[in-house]
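All chains are identified by letter, namely A, B, C, D and E, in their written order; residue positions are counted from 1 within each chain.
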Amino acid sequence: MAKDNNSMETMIRTKQENEEINKINKVVFQTDKLTKKFGGLIAVNNFDLKVSQGQISSLIGPNGAGKTTVFNVVTGIYKADGGKVVFKGEDLAGKKPHQIIKKGIARTFQNIRLFSNMTCLENVMAGQHCRSREGTWSSVLQTPGQRKEELEIKKNAEDRLKQVGLWKYQDELAKNIAYGNQRMLEIGRALASNPDLLILDEPSSGLNDKESEDLIIFLKSLLKEDLTILLIEHDMNVVMGISHWVTVMDEGKKIAEGLPEDVYNNPQVIEAYLGKDEEEEE
Amino acid sequence: MKLNKNIKEKNSIFKKWLIILIAILFIVLPFIINAYWVDVLFFFGIYALLGLSLNIVLGEVGLFDLGHMGFMAIGAYTTAILNTYFGIPIMILLPISAIAAGAFAWLVCSPIIHLRGDYLCIVTIGMGEIVRLTLNNNLFGITGGPNGVFGIDFPSLGSIFIVDNSTKFYYYIWLIVGLTIIGLVNLQRSRIGRAWNCIREDEIAAEATGIDVKYYKLLAFVLGAGLAGVAGNIYASKLMMVSPESFNFMESCLLFCIVLIGGMGSIPGVLIGSAAISLFPEFFRTFAQYRMLIFGAAMVAMMIFRPGGIWPRKRGAAEFKSLLMKAGEENG
Amino acid sequence: MAADKLPVVIGLQAPITGAAAIEGEMAKQSVEIAAQMINEKGGILGGRMIEIRIADDACQPKAGALAAMKLITQKDIVAAIQTYGSSVTQPASDIYEKFKKVNIAYGATVTGLTERGLKYFFRTCGRTDTQGAFFADEVVPLFNAKKIAIMHDNQTFSLGLAEDTKKALQPKIDAGEVELVYFDAITPGESDYTVPLTKLRETNPDIFYFTGYFPEAGLIIRQARDIGITAVFVGGDAAINEDFINIAGLEYATGCYQTQEALIEYFTNPEAMAFKEAYKAKYNTLPSSPWSVYAADALWVLAEAIDKSGSTDSDVIADYLRNKMDQFPSITGPIGFDEIGDRIGTGINLYVVNADGSFGIYGK
Amino acid sequence: MKIILEQLLNGLTIGSFYALIALGYSMVYGVMKLINFAHGDLFALGSYLGYTLLVFGSTYATVTFGIWGGMIAAMLIAAIGIGIAGTLIERIAYRPIYSVGRLPAVVSALGASIVIQNGIMVVWGPRPQAYPSQVVPSIMLNVGEFKITLLQVIILAISFVLMGLLYYIVQKTTFGAAIRACALDRDTAALMGINIETIIFFIFALGPALGGMSGVMVGMYYRKISFIMGWNYGLKAFTATILGGIGNIPGAMLGGLLLGVLEMLGSTYISTAYKDVFVFLVLILVLIFRPRGLLGEKVAEKV
Amino acid sequence: MTILLKVEDLKIFYGSIEALKGISLTVDEGEIVTVLGANGAGKSTLLRAISGLLPIRSGKIKLNDQELNHVKAFKIVMGGISHVPEGRKVFATLTVDENLNLGAYTRRKDKENIKESKERVYDLFPILKARRNQLSGTLSGGEQQMLAMGRGLMSTPRILLLDEPSLGLAPLLVKQIFQIIREINNQGISILLVEQNARKALSIADRGYVMETGNITISGLASDLKSDKKVQEAYLGGAALKKRK
């Protein structure tokens, strides 16, 4: 994990700064009346979501609200029952997951899904699959072009591994590293595809407060790479700490959106999601 | 870290020598043993080739294929029919058989490739049986029904090069096995091999990582079938005949065992597995009816004592795990 | 002198394991009995004993090729007896040919086998086309049958017999004398054949020729009668034996017919009597399969050829078998071989199952 | 019309045997996710055991309780014997390798199958045996135009009762839920206080016992048994299980019956020789459109 | 107070890797004890060892002076230890209702009481009641966590081992879960709680232990740990939100 120990304050923008950024940035990604049903259950219901270029947007909401389902529809794992997903002006309807990542949307999963019996390095190398093209025959014959590409893949993977702080585990099987590290590895794998939009499903779950903070710093550092981030989170420290924009959903519908602190103080959100702020322990 | 590297290097040097040693042994072997054992080793080679071909599907991608003999049958019959009816030389038919088997795999697997686990398994069984039964029913009157097709030539390129005795067949098959191994090792170390392994580990994650799961599964089937087709070509020309009963379900099961006894996805493992399956019965033939009893018991015992296979594939530094941990601690 | 006492080794390639293991076992027993008989008479070539060496081919072509190699590479093996299935015999015979070893097939009846111009390949069993012709020319008129049903099991032998029979019937069909109303296969190894039999029943045949093996034949006759098929039931030579009666039950088996070459029970020539006695003495029964007796015959003619020609050289033996052997009295009657290695003159009879479970030659 | 109905009945008879064997198969398979190649051979072993009992052992029962008593005795003893054999195989061949995944178990099962099959051959000899006709009743019933043997009716009845019973146990009781839980996740099942060994014992005693019982019934009905018969029936049972949907008891029954009817259709309207080709083609078609089999539930895989 | 659960010098290995290097801890009757620690410290391993899922290399585990070392997992449950495993581990193709029934498997004869317990669980987690006939694999992450907790309560344990119960839950539910833990505790059930949410865990616990790579490094009263410098630095983090206000 990134080692610089910036204090939290410098990482948090003021309200005005945030508003300004929001104005400048254009929307790169949006869903339009997205709907997904499971049998009788409408998990996502005419849901609109906007994500602006170069920002961190958060999607929050009670358990079972349909957040993960939105992600699954967006990344092509489920087929939408209605509505559109637009990325960089292009409708992603009917695209398969492997095509969507090629368009520049990479994701992680709520329950980590790594290639457990492959090494960390291989996991990250696999992430570059959609950015490489050597075919079967050149691989069988190991043509110079193929070797060159393979070297590049390896080089990039090493860089990514270092970036997520897992360099020393490069040869370890993914299933053998600690949980928190697996989360970082999954992010590393997603990053390896050089995405424009990174979608993270509860990246901080299972991390303790300290580790979550490191994660915040890491995610912020990614913005420098011209990356847009959309995340689902339940940890309010993370959500409030890094998001430029927060969307709240409940029972498949959007119930609020706005700047973090607006949402935080929105009575509907408090009612449905945050709970009454009874006296904190300290 | 340095210590670690040293051991790795030593290990790979040791491996290199081991490979060279085994290669030399294989080259001189026909001069030491009699023709019967040369033939036994030839069939070992056939099984090795088949094992390698199934290993692509089963070992690398993790697809249960219990009808692999069907692909070999396609290759063998392509060779048999084109050779006996049109007199096309066997060696020219080698790539043609491979393409025929591969094309067949592509055709029949396309619609079923989305099936999972055991559902795919039964479909491959069904496919293998369909091939065998259709051949047995003398399709279009050209497969010869249960008698099969007789009078297939030896492999030759004109009159310059002809494979016509046990020793030549032995070198011929092992040359092909050798080339196949090189090709497959290269594949294992490429993005293709990685994509296959990813699919085996987690299909959904693989798809989300940008791997076209359907395409790569089909690719594995087509390549595996193509190699099985090559094996079929050589097999047909060695026996000078083909008949449907050589491609029955039991044989497909034995191929499955080859891959698992050796160790999924491990190329040395496949060689060991095919040795076990093809040599064991020869050694124990004197036990007559008890032979298969022992064979079955050995299979069970093998899995109990080495469930991961005799020579499982190792990845990265899994072999030096404890060392690496120490190194990691020093560094970190 | 010592060298003379060395045994003459004959190979026997047979399915000791696998689905046809029963045939292999009987062939082994029969050949060993025959060897024992010859040896008891003082052996051949002036006192050399015969030794049998067995290679198991599990009734598979590949294993058959290996078994042949195994026998050939044993330098002291003079000739080989091989083997049960036609598809196993075929690749093996090519190998023997290449290594110039006389090999005599005992259970491979497919017509085409001997027509490949092989020099060292012979067989003591007949060909399916003789049997087919017998059915067409003798049996059909005998029962005055007009509508004929033929059922086989799609295995080499059975299909061969069925097709040869069809071929032999063709002139009569063309002349409009008879009608082939049913010609289809069943899958061997199953238990229930009522579905194809019901289909067969609807064609209402006068005669029903089943060319498969006894395990299925036993089931088929019972199930056929149960669903009301009354046609005359005739089995090919692999269909009817004691086990057939066991499986079908005597009430069903009685009155079934069989086209059969050489059922050992009916041979009364001295060689056959001696063989039966020796076999019974050891195993307390007779071999239920005709093929195993042909295997014994194969040993019988090989011994004669080696003894008479005084040589263990393959060319000499082959030449003797092909040109000099004539009406040699073997267990299943006089033997000689024609140009292509087929046995000359195998008599085929129609047998019937009697009410007491015994077999009789029909009409005698 | 009569012929169609008659053929349908024929198909259902064959199918009911497949279904009966598939029931036991599906139990083991559904719970342990083990492609139990040995199941067919246990079935064959049951057949031989019943044969031996009827020929030698159960004369006492037959004398005392009549022909039906002899049959019941043979069936029960064979069921118990095969149940024991099943648990033994589980102990020896499968238990040591559960933890390493499913595939090694496939090889082990294949090995066990080969051992049993050749064991039967060594003990009883390679020739097929016939159940003696005097120990099996051959009463015919006339239903309208059709003839059905009493035995057939009884066999059908027994298999339907067994199916109902199994369905109830597995789907409706807490014990059944425990069985299904074990199939999903053994560690967590243990945390519920489920004794996994009891469950496995139950599965591997009952499944093969059902197989053994079917073996005796098939022997009595068709009379001919052979040491290789298990392989064919095992494959058919596997097919039936998949056709119906993995781990689904009614599915296995439906799959078996359907398989019988499909074979009938294939051999009546196409050709007997292409019967199995037809069956497998239909199976493949079904799976293309219903990837989880006919009654297979949608697997709850959430991403 | 009497000691209910006692772990003495426990060592656990995964193959050749030593995951626990000699752990000792106690849980008294009626107590809430929390175990904190970074990822991979061995917290889950500890719980799995206590409930009999892992072979013990050396050391002792005792429940009320009864040694559990070689007792099988299902018997340990009967002894009164209930373990809600990490990562929910609901039985995906079973319905919610069936999952709960299995939680009460050890007393399955006791139909009446099971019904009662189930009603209590449904009262605690009303959403489960609404989804009682849904296959649990299709529940949302939080719903699954609730189900796992509920299932754990069904066996009416004397001590409940909770492995990260707040994982993946919405803030509202996190609050509820901790309240429920307290409620359960008030009913006399002892609790051994493994949590990443150290702040919350320490606020409801009586005592706490801190684990680092297989060892216990700090232990003491929860209130002491909360103010401990090292603990604050490593596990509590600076609460960003607080500073914003």
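We take it that a contact is a pair of C-beta atoms (placed from the backbone, for glycine too) under 8 Å apart; a residue touches a chain by one contact, two chains touch by 3 or more.
Predicted model, so just to flag it, every value in this text is computed and none were measured.
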Using direct touches as single steps, what is the fewest number of steps from chain C over to chain D? 1
Farthest from chain D by Cα centre, which chain is it? Let me know. A
More contacting C-beta pairs: A-E or B-C? A-E
From the mean C-alpha coordinate of chain B to that of chain C, what's the distance rounded to whole Å? 38
So how far apart, in whole Å, are chain A and chain E when each is placed at the average of its C-alpha atoms? 29
Between chain A and chain C, tell me the centre distance in angstrom, where each centre is the average of that chain's C-alpha atoms. 75
Whole-Å separation of chain centres (CA-atom averages), chain B against chain D: 33
Return the residues of chain C touching two or more other chains; collapse runs of consecutive numbers into ranges. 17, 21, 154, 185
Give the residues of chain A that touch two or more other chains, as numbers and ranges in rising order. 68, 77, 109-110, 113
What positions in chain B touch 2 or more of the other chains? 136-137, 204, 289, 292, 321
Chain E partner, complex, touching residues on chain D are 174-175, 177-178, 180-181, 184-185, 187-196, 297, 299-302
Taking the touch rule as given, give the residues of chain C at its contact with chain D in the complex, in rising order. 17, 19, 21-22, 25, 154, 184-187, 189-192, 194-196, 198-199, 202, 215, 218-219, 222, 226-227, 243, 246-247, 249, 288
Hey, which residues of chain B end up touching chain D in the complex? 111-112, 114-116, 118-119, 121-123, 125-127, 129-130, 133-134, 136-137, 204, 249-250, 253, 256-257, 260-261, 264, 289-290, 292-293, 295-304, 307-308
Write out the stretch or stretches of chain E touching chain A in their complex. 36, 38-40, 87, 127, 138-143, 145-146, 164, 167-176, 196-200, 203, 233-241, 243-244
For chain C, which residues count as touching chain B in their complex? 16-17, 21, 55-56, 60-63, 65-66, 69-70, 72-73, 86-87, 90-91, 94, 110, 112, 116, 154-156, 159-160, 185
